[in-house]
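Would you mind keeping the following structure in view while I ask a few things?
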Amino acid sequence: MPNMSDDRQDYPKHYCGVFGIWGNPDAASLTYYGLFALQHRGQESAGIVTCDETKEFHTYRGMGLVSQVFSGDVLSRLKGDMAIGHTRYSTTGSSEMSNAQPLTVDFYKGRVAIAHNGNLTNASRLRWELEQNGSIFQTTVDSEIILHLLAQPIDSESREQTNLISALRKIEGAFSLVLMTGDALIGVRDPQGFRPLSLAKVGDGWALSSETCAFDLIQAEYVRDIEPGEVIIIDKKGPRSFKLYNEPQREAFCIFEHVYFARPDSQIGGRSVYNTRVEMGRQLAREFPIDADIVVPIPDSGNCAALGYCLESGIPYEMAFVRNHYVGRSFLQPSQLIRDFNVRVKLNLVKDLVRGKRVIMSTIQLSGAPPAKPTSIT
Amino acid sequence: MPNMSDDRQDYPKHYCGVFGIWGNPDAASLTYYGLFALQHRGQESAGIVTCDETKEFHTYRGMGLVSQVFSGDVLSRLKGDMAIGHTRYSTTGSSEMSNAQPLTVDFYKGRVAIAHNGNLTNASRLRWELEQNGSIFQTTVDSEIILHLLAQPIDSESREQTNLISALRKIEGAFSLVLMTGDALIGVRDPQGFRPLSLAKVGDGWALSSETCAFDLIQAEYVRDIEPGEVIIIDKKGPRSFKLYNEPQREAFCIFEHVYFARPDSQIGGRSVYNTRVEMGRQLAREFPIDADIVVPIPDSGNCAALGYCLESGIPYEMAFVRNHYVGRSFLQPSQLIRDFNVRVKLNLVKDLVRGKRVIMSTIQLSGAPPAKPTSIT
Amino acid sequence: MPNMSDDRQDYPKHYCGVFGIWGNPDAASLTYYGLFALQHRGQESAGIVTCDETKEFHTYRGMGLVSQVFSGDVLSRLKGDMAIGHTRYSTTGSSEMSNAQPLTVDFYKGRVAIAHNGNLTNASRLRWELEQNGSIFQTTVDSEIILHLLAQPIDSESREQTNLISALRKIEGAFSLVLMTGDALIGVRDPQGFRPLSLAKVGDGWALSSETCAFDLIQAEYVRDIEPGEVIIIDKKGPRSFKLYNEPQREAFCIFEHVYFARPDSQIGGRSVYNTRVEMGRQLAREFPIDADIVVPIPDSGNCAALGYCLESGIPYEMAFVRNHYVGRSFLQPSQLIRDFNVRVKLNLVKDLVRGKRVIMSTIQLSGAPPAKPTSIT
Amino acid sequence: MPNMSDDRQDYPKHYCGVFGIWGNPDAASLTYYGLFALQHRGQESAGIVTCDETKEFHTYRGMGLVSQVFSGDVLSRLKGDMAIGHTRYSTTGSSEMSNAQPLTVDFYKGRVAIAHNGNLTNASRLRWELEQNGSIFQTTVDSEIILHLLAQPIDSESREQTNLISALRKIEGAFSLVLMTGDALIGVRDPQGFRPLSLAKVGDGWALSSETCAFDLIQAEYVRDIEPGEVIIIDKKGPRSFKLYNEPQREAFCIFEHVYFARPDSQIGGRSVYNTRVEMGRQLAREFPIDADIVVPIPDSGNCAALGYCLESGIPYEMAFVRNHYVGRSFLQPSQLIRDFNVRVKLNLVKDLVRGKRVIMSTIQLSGAPPAKPTSIT
């Protein structure tokens, strides 16, 4: 058996965005806007798969931002009342078209598409076992493993979701999924609930999204969060749910969603991310009161916490860093010309505001984990 | 004589960005970064012209953002120690490649390039007179008129700048200019001083820029603002200045630079734009005290004024609008799908924050003047 | 069992081009030039996969012509001494990036890439059987079926090529293949020998190509045709061959290669395609002598046959149709403007030459088979 | 006065293509197809200017082939019944967007656009004189000089074309021009008649073209060649002509049009280029009879002459060189990989045909003149 470490799996892909629509004639457009609202969760690639009334699937994926990948022409070709979409986080290593999602395959029961936010901790072992049994792999994304498991024939087919349950019980780790078959839109959140996934009503149909800010944009009505370990199947009979495991699992929501990754206008667990961050800033002021003249946030991740610190401490808030809204990945790097350029180009200091003052700066310190360009925007 | 109204001149072009470098081997790259910092002043087109030691000019212009127009390849071909650049404001009407600046022409004294921020109020009359005397026009930008005037032979050539003075005294309106000949970089600010223009030291050379935030990015040292009516000529003898008119002119700086157009981290007239805006918010609170629960800025133009209002009034600051950083001009418009989409896609409200509260909102109300997409970013 | 007809498989893909290099440090560049010489066999997509000394594979594929898909940058990233490449024929139906070849997969023995010219007559049945056993399919190309078969574990692994033999004996139809593993370049021609495949020496290494014209371009020395039913394995031990079946199979070379598809400067079976076509024209003149003033070829497919007819009959040759070399797929179609535009734009008649004359025209009449734009060039 | 030599004017631009339409609602589309048929006369850039019923001009120009520059969207925006177009020959030196034609300017009488095939021998002197009088130049093409001359006010304006005559009498050299004002389409051929220009009827309107092959494509009916020194003005009063000079001028048609540059399906002076070339081959056989086994043309320039030689001498014709139709300017050059690559990639030899034979090869030997990539196709 080969090395089981997941070194081929790149760490920060955990932060993708997933979205799905059931029962709306503008499924592709709504998914486009949904992905647009989830753009902060992944800027490397974007993709949409739709399913029309003849159960034909229509796919379009590309490298880059949602607004770069899709045109009006493309969206008009993505016909159907059902759609799922994905935005992928940017990484250096495996930035390839073949890893763009959603992934669509044919198997013995028909066609299925999948979009995945998270990472499987037992991916290497599962892949090795599947290969031993004759499976071939065309990508390095975990979604392909899930699809292979889903395609395994099982003895009893008494219930519709048996293949799915069988597959999902084999995987471990973080897996907020949306899947689409010819008949149904399916949402899955792993038993620990590492990544968020929410449900909304949009007209007579339904939407699933990594974050609720996507519902706001398309004027969908937020219903509830998908629960850890829940599988929700939405088809013409309406939504119905079951749990992957009967016994309760340890929950383990990822703190980075609250402090860093989610948009402040999203709600997670019924609470706005904005308020959570402000409250953290307040708590910081209570735990670590500092005598200072001003509090300066590093935009945008530090904005809310800085505000909370100010509200609690009474120290004035000063937005001394001005952010350049045009920084993007196509930006040319100066070789030796300019010191500290990467910081400077994104943020410029209003020097008047800080000269001679005692300053508290507020930012997110990601100790260890995803160090890569987290503030990269375009 | 034809209709003298300036209807072919599109109003909002007043807000372009101009930049120039003298005496630096990385002139093209520094101009690229300078334009990048001035990107908020114009997103329609960008251009750079350099001049090398053989007095050869090298030009590159294109439609779109600075980072889209220029590549490393292009910059490396723009050789020379001297450069000027321009970012052009986006408008619907005359968005054409042929109107991109800087404009370069040959005339009897050699070659000259020009970049212009502003508009001439007597443009139609000048153009008509020039055409009557045999001039041809290839663009609709005012810069071409200035170049025609500059190319008119004059009797006495006793002083180097005689052609220039003769031309500049004929034009009226707003004209912050940077020009480049084979020998010199020239900056001009109109007698009223409508648009800003500043001088900085960069290594052994010099820089001119519409706003000082460009100096911060390239680590140039701000020296002073160019004065209204001043012409500054920078060549191997160093910078020297003279005034267009001996008698003082009425000054008339454009208030929109302070309240809306300039970046808050720029200094105009020795005062940071940030502080000016905060002070305006404070003054508003003094003049119009309102009993409210929170003050909410419309980002980004309302941020500073809202903060000033809060500081003066003691009412808490809440960033209840979350801005989507990925909105750009390539974004697809939904036809009837979503109400108020254009507002919604840029700004989403954190509803928790405002529900049941008395809210003061802070934004820039542009009464009359430049209504076109001022908050368009990418 | 579902409908077994191959309606998802598009007919004219039989005419792809395949190419491979073993043992040359410029493997990617040589493959690029090889594919360029095979461009007439497929203009829809092109791809190259290389393998470096660490057995790492490097892949690049794209839609369009070889010269459009690959840049110098891309080629320099395709490192290694071994490479295979593919040009895919253009069809309307399934023109998708996901169908571009070569296809690369991981399986239990490692990594393998494949490029395929031909079509499998039992593809539907094989695909159905594989799906019943849990296989998933991501494309609609036959190559994926071959890879699934190759990945099936077999009991005895006594000989290196056992997996391969086992897979190849299951498929039926036309399959000129080049495969690449971490160790070897492999060429296969089906037992009937429907499609061509040839071997050449290039420096100390080896090349495989659909047609010999590719060898001329890269100055490789033609050695011989791969025989029907032959599998040739090229690795550090040199090339060695074996036959798929011990008993001889009925040979069935496709006549369209000789009369239409191959380039006239290629050799098939030791005979130049040019001479074959001239000889056919001569034979036609002997069997069907016609009294005429001139013989006019429809360029380029009718050129050689027309010449043969002239040489045999003594009737003068007139190139009365002039071909426009700039016609390509991006050309705009006039709606109602111009009658017979599609013919006219490619070929214009020199009317002087035919006015009042009895004319024999020479072209290829493709009865039935591949009707799609066979003369489409760019 | 500066150096008068024309070193800034690049030699091979003489071979551009010009085209014009008057009185057809599909003026832009017909010009597009006309330019497409003239593509062999210039591949660097292409442009079309139309004029609608409100005398508004609509312009689109770009680098590259006609089919690359124009899209259906672009053509539909080029409204009007009148249009002129230009294809520019490729050169290394001054390949810039700013040199693309047609050139459009405003002058005191209104707006005029120009497209020019040829070069002015007194361009430097004219330009110097114009600059001395205050003219500015934005391009390096001769057309801009003609426009400056055209814009000079003249004393008596008794006749409509006075400005034009005055300008045309000042220029020397080769100038096949098409011009467009708000009212008229104008064609001009210089007094020597260096470059071709022809007139055709298209529906109720008229067309002007560098070569008659463009008329064939758009099904216009060839009327006659424009005569040397003729100015033809086409407006609502119909076409009318006058001569630039009363006295006859020495005619000097460029032989390269017949032997090399024009398409064989064009007619020049009432004679097909094809026949001229065949006749030249016949004459060569009569003047230089050689005892040989075969005659082999270098395609495509040598095809007709080789055929003439064969017809006269009785020696068989063999198309032993096979041309690759996919060679274009984007092709990557191998550094040291392959000897004689540039020849090889365009033409491959069918070695069987020439082995052991005495071969006469037919090509165009351009002694001196335009050596640059004349066979470059795409």
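Per-chain residue numbering starts at 1, and chain names A, B, C and D are given in the order in which the chains are listed.
Convention: contacts are C-beta pairs under 8 Å (C-beta built on N, C-alpha and C of every residue); 3 or more make two chains touch, one makes a residue touch a chain.
Source: prediction; values computed, not measured.
Undergrad: Using C-alpha centroids, which chain lies at the maximum separation from chain D?
TA: It is A whose centre lies farthest from that of chain D.
Undergrad: In whole angstrom, how far does the Cα centroid of chain A sit from the Cα centroid of chain D?
TA: The computed centroid separation for chain A versus chain D comes out at 57 Å.
Undergrad: Between chain A and chain C, what distance separates the C-alpha centroids? Give it in angstrom.
TA: Roughly 43 Å separates the two chain centres.
Undergrad: From the mean C-alpha coordinate of chain C to that of chain D, what's the distance rounded to whole Å?
TA: Centre separation, chain C to chain D: 38 Å.
Undergrad: When you check chain B against every other chain, which residues touch at least two of them?
TA: In chain B, no residue touches at least two other chains, as defined above.
Undergrad: Dump the list of chain pairs that touch, please.
TA: Here the touching pairs of chains are A-B, A-C, B-D, C-D.
Undergrad: Which of the residues in chain A end up touching chain C in this complex?
TA: Where chain A meets chain C, its residues are 59, 96-98, 103-108, 131-138, 147-148, 151-153.
Undergrad: Under the touch definition given earlier, write down the residues of chain C that touch chain D in their complex.
TA: Residues of chain C touching chain D: 26, 29-30, 32-33, 36-37, 39-40, 65-68, 70-72, 75, 213, 216-219, 263-265, 272, 274-275, 300, 303-304, 307, 310-311, 316-320, 322, 324-326, 328, 330-332, 334, 337-339, 344-345, 348-350, 352-353, 377-378.
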